[in-house]
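What follows is a set of notes on a single structure, which appears directly below.
As written, the chains take the letters A, B, C, D and E, and residue 1 is the first residue of each chain.
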Amino acid sequence: MSEPVTAATETSDAKAAPEVVVRMEGLRKSFDGRLVLDDVHLEVGRGRIVSVIGQSGGGKSTLMRCVNLLERPDQGRVEVSGEVVHDDGRMVCRDLPGLRRTVGMVFQRFHLFPHLTAVENVVLAQRRAGVPEQEALERAVALLRRVGVAHRGLAYPEQLSGGEQQRVAIARALALRPDVLLFDEPTSSLDPEATREVLSVMRELAADGMTMMLVTHELPFAREVSDHVVFLDRGRIVEEGHPDDVLGNPAQARTREFLASYGSTS
Amino acid sequence: MSEPVTAATETSDAKAAPEVVVRMEGLRKSFDGRLVLDDVHLEVGRGRIVSVIGQSGGGKSTLMRCVNLLERPDQGRVEVSGEVVHDDGRMVCRDLPGLRRTVGMVFQRFHLFPHLTAVENVVLAQRRAGVPEQEALERAVALLRRVGVAHRGLAYPEQLSGGEQQRVAIARALALRPDVLLFDEPTSSLDPEATREVLSVMRELAADGMTMMLVTHELPFAREVSDHVVFLDRGRIVEEGHPDDVLGNPAQARTREFLASYGSTS
Amino acid sequence: ACGGSGESAPKDVSADTAALGTIEPGVLKVAVQPYAPYTSVEDGKIVGLDGDILSYVADQLGLEIQPEVTDFAGMLAGVQSGRVDITIGGVAWSEDRQKEGLFTDPPYYSPPVMAVKGDKTYQTVDDLEGLQLGTVEGYVWVESIQAVPGAELHAYPDANGVFDDLAAGRLDVGFLDPLLVTAAQAERPELEISTLYMTPPTAEQVAAEPAYEYFQPYQTGFYLPPEATELEKAVSEQIDAMYENGEMEKLVEKWGGDPEQFLTPTDAFATARAGVDRPDDWTPPTIAARG
Amino acid sequence: MSGLFEVPWADYQSELTDALLRTVLYTVVSFAGAVVLGLVVALLRLSRARPARVVAAVYTEVFKNVPLLAIIFLTYFGLASVGIRLDVFMAGALSLTVFYAAYLSETFRSAISGVHAGQTEAGEALGLGRTGIFGQVVMPQALRLALPGTNTFLVDLLKSTSLLVTISAAELMSEGRLITSATFRALEVYIVISAIYFALCYPLSQVLLWLERKVRAGVPLTPWRRRRMRAARALLAADIGSAGSGSAGSGSSGPGSTDLGLKEAAA
Amino acid sequence: MSGLFEVPWADYQSELTDALLRTVLYTVVSFAGAVVLGLVVALLRLSRARPARVVAAVYTEVFKNVPLLAIIFLTYFGLASVGIRLDVFMAGALSLTVFYAAYLSETFRSAISGVHAGQTEAGEALGLGRTGIFGQVVMPQALRLALPGTNTFLVDLLKSTSLLVTISAAELMSEGRLITSATFRALEVYIVISAIYFALCYPLSQVLLWLERKVRAGVPLTPWRRRRMRAARALLAADIGSAGSGSAGSGSSGPGSTDLGLKEAAA
């Protein structure tokens, strides 16, 4: 990398990096009495990339949203960067905004702030977190360059293509130097060309050693980029392991069935 | 097919079917002085399936929209079902609604009528075209069954998933027994699962002998289903021919470059 | 337009009545503002002092009254746009106003009156010095009160405010149209308000302090459009006749006014109108001659 | 101050009833007029002809920027003095009509432009023709968008009939003034008159909200649409009754049975 | 009737100017009050506490369903008779405030709920905290949505000051009435007063439209935002100046240069 500012490296300098960034133990969550996550155990080590795959409605988004407590699990423990943040239905984390800054999140539909330019989108949370104005701006610009949309830095979200929007969203999530980045189907509202652009940014983050969790339908990408693949089906982890095993040679019949349904189009 | 009502077969019974359903000769079209279609020649024979592929902004949608004159070409001739409908910038077609009924169109974003139930969406145009109420309803129901959404026939569009919406849109386009169906990226707002459902409906229409033109990014599907592939680049047809040739063994460097950009994700 | 039987168009109207030139022969359309006890409408009939006077006049002239309830601006515009034949209700004559239409002879003269709580008594302008004086915003008395040495002005949006504050003891005297005070006392005896007629300021006093002019009586009139000369003449004749035959005195008494105060003009009234909208030798009607 | 309710309301009952009916009549007639005129103005503003757009824009701007009180006054008295004599009802209803038409035209215009362009295009592609697109596609959707604003103006119009007092319209507020002047009990009269307005407006606005919800939920409001839905329900009974038999009924022509099977298991 | 313009307007000039200023003052004060109160009511209606929601709903429904004329009257006379004596200005401004706050609260509420839920979620995920999300994310977007409706009510409020004539507020319409009573030229006065209202309202509504466009275009309206944008522009100069050098500046860390190259060729 030619850029000096990279979120992952700086963060690991600054903190006494625990080896496991995200740990979930015995997570249970139901909506309206229907179990959506059922005894989920998951670990994401520093610098690792974990992909979550599975059928629609299987609970993938809910799982991701439990990491930064956008969803609060009914049971089980969530640990982020070595600290327990939620335990058995009780909020343990005292500094929720602080936790949210430790965990960056990129949404499927981007959710950029439409009333702010790209660069302001990246500055906003930094200022709330106490970063001085000039430093925040400089970091925002550096990040926009890094994801290749600096030339659109003064544009408003609606003036950006889908791919550009998603790249700004990634820069925004990186701005607080999170310990881990969550991606929830980051390319599924994008056309093929934009998808390629965003995937290439993610590939570089991976190369930089960023810890990441992602939900994706891009199985070839998941296979190429991740260290670990989790197949979540109706709230349970049916199978997990090395991408080549889970995606190439699955042990479970349910996984094979799921993968087969992809074969028909591409 | 177990269903007696199939648009394609009935239509070809009813009319003295000319061999070429769509013919475009020397089509030119510019927007704000910028040439978007540049001397395009194209023929779609009865029962054939032609796919149009190419970069974003290349003019694919504009080309499709010239068939039913949603866009009026500046130069060149458009012939539909043996009749010249537009010639050298002049509207020749006397019965524009009639032409539009001869050509069914399915949009990328479905454009179902949100204030009407699925079945009413399919009935509406039939009634305007003079089909008696009961007959129109029966045909609508038969078509919804055919595309596999009859069980959702009384639902409103917003209550339907993307795939279901697109299938209703296909039923709606079939209701007037068009000579040709146009699909403009029919699956690109859909998730993978819904995409598969819609592609399977299209595959059956193809098996039934329906004449179709489609713009698509689903190259494997285009290859499987079409008789002819056209690669449109910056308004010009760069290469066309049998799908195995154009997609498997392209003659032009530009085509190869375009196809290569797809390789990176899947 | 409530009441009246205006629907039956061609009526049995005498030639004399038709000659009055009302909008609809035989019908007198009257614009009134709800301003009891001068004008009000009950069961489609016009009532109040002005109302009774006009009803009597209309009877004499063979006209049937058709009232239209509106507000002050609507009264004026109604006359000026020919919507109604006449408007009534304490309309004061002034030189400016008479340029915009015709005024009948004064049906009565409005004396300055003071509303007071209980049995307080004041008589002349001098008695008012240093008091808390109230009136309604926009009334001419605002200026007069401001000229009273040491007095404090309280202007209220309408008469109800004056009554309430009199009752509450925050005001010593309220200046209002006379019958209003009488009627309020009848309607709301709990307020314990009574009417005092003021001794008008002398000519010297007015000369020294022109704003005192309004503490003198003013002459009212019924107001008609400029073309309605026939009707104006007929109504004025009937009014004069009512002074003569005692009818006017009866009505003023009926509505709680003092005929002496209401029906005797000062010299100033004749000079004001003579040569303006009345002949040079015009004398205002009066009951003094009879007495 | 003595007890609050001392006005002999019973004496005024028949006048008040008349006044109330007149208020309602003004509301109904003016609102109907305002909707029609507002729609015409909205269509003019959306038309391709520039002169039509300019006329409509001037109309809207003038009536939106002048007090209703002045419009009422000028319609009744102003027009009379140039020889156009409208009776009280005509003048009152006309004033309310032209005033609210200006506001409604804005609501309608934005509702019509709020219908997605794709809808018109889909209508064109189906050969519905201009009238078909406008009547069957754009209007029903614009109606949904326009309802909330339109309803606000209806209630507003009802309340504004109180300004007709100046032209002797004999509606509720005129009657209230008469009573006030006769009884010297303005406060009590205003409270009662306000309560009557509230009793008129509140149920009206609730009914309109209910209608809005119905329309938003897509409930068929016309008899022919209800008939069509009944027929469709009958024809689709087999498909909908049990989802399983429905997908079976579609035979091999539907999408792969695996897909449908999954959907149903999830539902 | 004699010539149209006979009122000696010059004589009334200073009173009219005062009246006009008072009209503007009523408008400014009442509108500021209505915005604040309307926002509070909107927030109460959106709050999680049911009692708060009920109170806010009752408030809104009552004031939306009673004529402003009655509210003005009751505020001035009604409160006085229970011992709360407001002066004319206080009572007038308060009436307008509480009346328009009811309408504005509806506008604000729907604007706030109109901000996409994803925005709040994105704010949460960025750790902005409740105040940060409300102040920096929801409000600016709600403002954009609320502006058109708010502006309509501002102009409406300005026109409605004419109803303060009931309490002799000495604003334009009251002054008009005084002139009428002195000159008896009601029609002429109404025409002139209407023209003055139009001269106030029309430019106001045009300015508001202009503001609306600015806000919609995202033009920075606060000095600190302008400062930030200037600083950002300076920092991004190299990237934006020429698109080519911009992508070069991003080095190998950007997405493949092929992609960018294509984009630029197309632009």
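Operating definition for what follows: contacts are C-beta pairs under 8 Å (C-beta built on N, C-alpha and C of every residue); 3 or more make two chains touch, one makes a residue touch a chain.
Since the structure is predicted, the reported quantities are computational estimates derived from the model, not experimental observations.
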Please give the intersection of the contact partners of subunit C with those of subunit E. D
Shared touching chains for subunit B and subunit E? A, D
Which chain pair is joined by more contacting C-beta pairs, C-D or B-D? B-D
What whole-Å value do you get for the distance between subunit B and subunit C if each is reduced to the mean of its CA atoms? 85
In angstrom, rounded to a whole number, how far apart do the mean CA points of subunit D and subunit E lie? 24
Rounded to a whole Å, what is the gap between the Cα centroids of subunit A and subunit E? 41
Subunit B residues touching 2+ other chains are 55, 193, 196, 261
Of all residues in subunit E, the ones touching two or more other chains: 1, 77, 81, 186-187, 190
Which residues does subunit C have that touch at least 2 chains other than itself? 73-74, 77, 80-81, 160, 164
Under the touch definition given earlier, write down the residues of subunit B that touch subunit A in their complex. 55-56, 188, 191-193, 195-196, 199, 217-218, 220-221, 261-262, 264-266
Subunit E residues within the subunit D interface of the complex: 1, 61-62, 64-71, 73-74, 77-78, 81, 103, 155, 159-160, 162-163, 173, 186-187, 190-191, 193-194, 197-198, 201-202, 205
Using the touch definition up top, name the residues of subunit E that touch subunit C in the complex. 1-2, 76-77, 80-81, 88, 166-168, 170, 174, 177-178, 180-187, 189-190
Residues of subunit B that touch subunit D when the two form their complex: 1-3, 68, 70, 96-101, 103-105, 107, 109, 111-117, 119-120, 123-125, 128-129, 133-134, 137-138, 140-141, 144-148, 150-151, 153-154, 156, 167, 172-173, 176, 193, 196-198, 200-201, 204
Applying the document's contact rule, which stretches of subunit C touch subunit E when the two form their complex? 72-74, 76-77, 80-81, 94, 96-97, 99-101, 136-138, 155, 157, 160-161, 164, 223, 226
